[in-house]
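Before I ask anything, let me first share the structure, which is written out below as structure tokens.
In this document, chain identifiers A, B and C correspond to the written order of the chains, with residue numbering beginning at 1 in each.
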Amino acid sequence: MAAPTQVVLEGVGRSYGRRLVFRGITVSIPDRSSFLAWGPNGSGKTTLLAVISGLVACTQGRVTLYVDGHILDAAGRRRQLGLVSPILGLYPQLTAEEHLELALKVRGFSSDRAALRAVLGRVGLGRRQRDPVAEYSTGMAQRLKYALAIAHEPRILVLDEPFSNLDPEGVGMARAIMDEQVRRGIVIAAACDRGEWADAHTVLSLAPA
Amino acid sequence: MGWLALLAVGMSAVIVAAFLFVPPVRGLGPTTAILFFHVPPAWVAVSAWLLSLFHSMFYLRRGDLRSDRKAAVHAELGLVFCAITVITGAIWARGTWGVFWNWDPRQTSALMLLLIYLAYPGLRGAIADPIRRARSSAAYAIFAFATVPFLMFVVPRAFPSLHPSPIIGGETGGGLGPAARVVFAASLVAFTGLYAWMYGIRLRLEMLADRPADRDGALSDGLAIGERRPPCPPGHRAA
Amino acid sequence: MRIPSCRSRPLEAAAALFIKDLRVEFRSLMSWGLLAASAAGITIATSFAFGGILPDPLTAAALLWIIVLLVAMTGLPQTFVREQEQGTAWTVRLWADPAPVLAAKLGLNFLLLLGLAALVVSLYGLLFNLPLAAPAALAGSVLGGCAALAGSGTLLAAIAAGTGARGLLLPLLAIPLQLPSLAAAVQSTAMAITGEGGATLRAALVLLAAQTAVSGLMSFMLFRYIWDEG
């Protein structure tokens, strides 16, 4: 019987046409732990995290997410997983508040103003929440992505390049979020440099394709 | 090679017999011969597209790219046979009705199917990633097949005031004499055989072009004929 | 932070996505405005070409729908192309089931076509002195025609937007499939202009409704194969 909450990858591989990105990744990430995949550009980190998040299907193997003993289906994954990734675009036409409201509503959560404000305050966007994202800097956009990934309090938080574009204060915020998430569930991150996140419990090194 | 020779002989025999030995059918007169080169390809085309449709559905269900390739080959060959049907049909219409084209429901539906399956290879050519190509083209084929025949055949019959009913009823029915029936059956067999032969060649070519991809996990840099390197979706290649 | 309560609510998800799509369209000034401008331009040119004299009702109705169809070929894929170019397609895939996404896009495209058709009809009234013999029938024809064109056009627009040619492939894919809808819409609009019809008009409207229903149903069955995963 599987542990109540864990992420299990069994022989996972992905290729695009004939180009193989990675294959044979087998790892089990237990509850209250962190996992770091690291490797140079082109080693497939983003694709791996997209596969774990259910955005991209794997062409070999299997990814299974367990939360409290249940295997997550697509709907469960939408509720129990948060993702920060450069592939996720934001709407330049919408404000931070509108993004957050949309993210909660389509995932089936209710949203009220106070909770929205609390989340945006947490990532340091409290004063800019009514501005359209077109006026945001890349660092502010990254902060908004954190807000969108944690607003529904997921058990599994997936972070692709967690510190990119963030100032030192933003890096501190991201670390605090990651620490808190490890106490609540699972953090899965990817970075180019292993040193970026030295205290990860499990580390996987990806070879360049 | 034996049955290929048989096919060549059979097809030649059908051509000769159609023009020389079949007496004119009442209502068709001197255009009788075209019957044998119009209706059989139509049947073959429709069968090819039905097969293509089934393979498309298989693909969406199972995700096996071989089904996608079969669907593509059937769709492409159906187009050839439908073109034969439309052209011979227009010639026939000229002989029987006096004009090549008059938007008779059957002409309209044949033309619409022709346009749909002309668009199909255009769609395939515009998508580089094999999985995306397979999914989109299967979805398009199923969508087109589910909407158009419904619109062309079911609905107009429910509302006869909108569309005139077909002018020729029972093309292959009682009007044919014994000689015509034999030639018609032979023609159907010959066209089906021709189709099977073409299908075999096209499918083998397709499978050859894609073979290295079937090896588990093997990366091949030897590009086969007609191969296109699929690009990655934006932002997907790397971190 | 409070743990938010959670239920599966596809209709609310669709509504939230629809509002998002509308906001995005209306805050991108150069989208629907440009489409409306080209529809108006073509209508004015048509009226000018005819010397301001209304051609027979069938020609008038055919022109009306050809203009709408023409502009729709540019307009329908826009929302999908924008999601792809902004990278927000991935974001929406992460958050939402495909069905509410499609529902929102169908609503958006229906509204777009309705706006275009309403604009062209009003310009017809202004420039051609269009007689309003049967306003209810005209409204029904416009609604039915837009629903049928949006119903089949939205899935095809999603397919076209996913190709290397972005939206440019749509006419090739859509026109053969939309000919029956176009014919029915032209028929019913022509009868609405002349004010005759009755059973024939009703038949055309039922035909449009049937086309909308079938293509809508098929769209919901097939959309996830096009939308999910590249």
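Here is the rule we use: contacts are C-beta pairs under 8 Å (C-beta built on N, C-alpha and C of every residue); 3 or more make two chains touch, one makes a residue touch a chain.
Just so it is clear, the model here is predicted, and its values are computed rather than measured.
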Central chain (by mean CA position): C
Contact-richer chain pair (by C-beta pairs counted) among A-C and A-B: A-C
Chain located farthest away, centre of subunit C as origin (C-alpha): A
Gap in Å, rounded to a whole number, between the CA centres of subunit C and subunit B: 31
Whole-Å separation of chain centres (CA-atom averages), subunit A against subunit C: 36
Mean-CA-position distance for subunit B and subunit A (Å): 47
Sites on subunit B at which at least two other chains make contact: 128-129, 234-236
Multi-partner residues of subunit A (each touching 2 or more other chains): 50, 56, 87
For subunit C, residues that touch 2 or more chains besides their own: 87, 90, 229-230
Residues of subunit B touching subunit A in the complex: 128-130, 212-213, 216-217, 219-220, 229-230, 232, 234-239
Subunit A to subunit C touching residues, read off their complex: 50, 53-57, 74-75, 78-79, 83, 85, 87-94, 98, 101-111, 115, 118-119, 122, 132, 148, 151-153
Subunit B contact footprint on subunit A (complex, rising order): 13, 15-21, 23, 39, 41-47, 50, 56, 60, 86-87, 160-161, 190-192
Interfacial residue positions of subunit B with respect to subunit C in the complex: 60, 112, 115-116, 118-119, 122-123, 126-129, 131-132, 135-136, 138-140, 142-144, 146-148, 150-152, 155, 159, 161-162, 233-236
Complex contacts: residues of subunit C adjacent to subunit B: 87, 90, 152, 155-156, 159, 162-165, 169, 172-173, 175-177, 179-181, 184, 187, 199-200, 203-204, 206-207, 210-211, 214-215, 218-219, 222, 225-226, 229-230
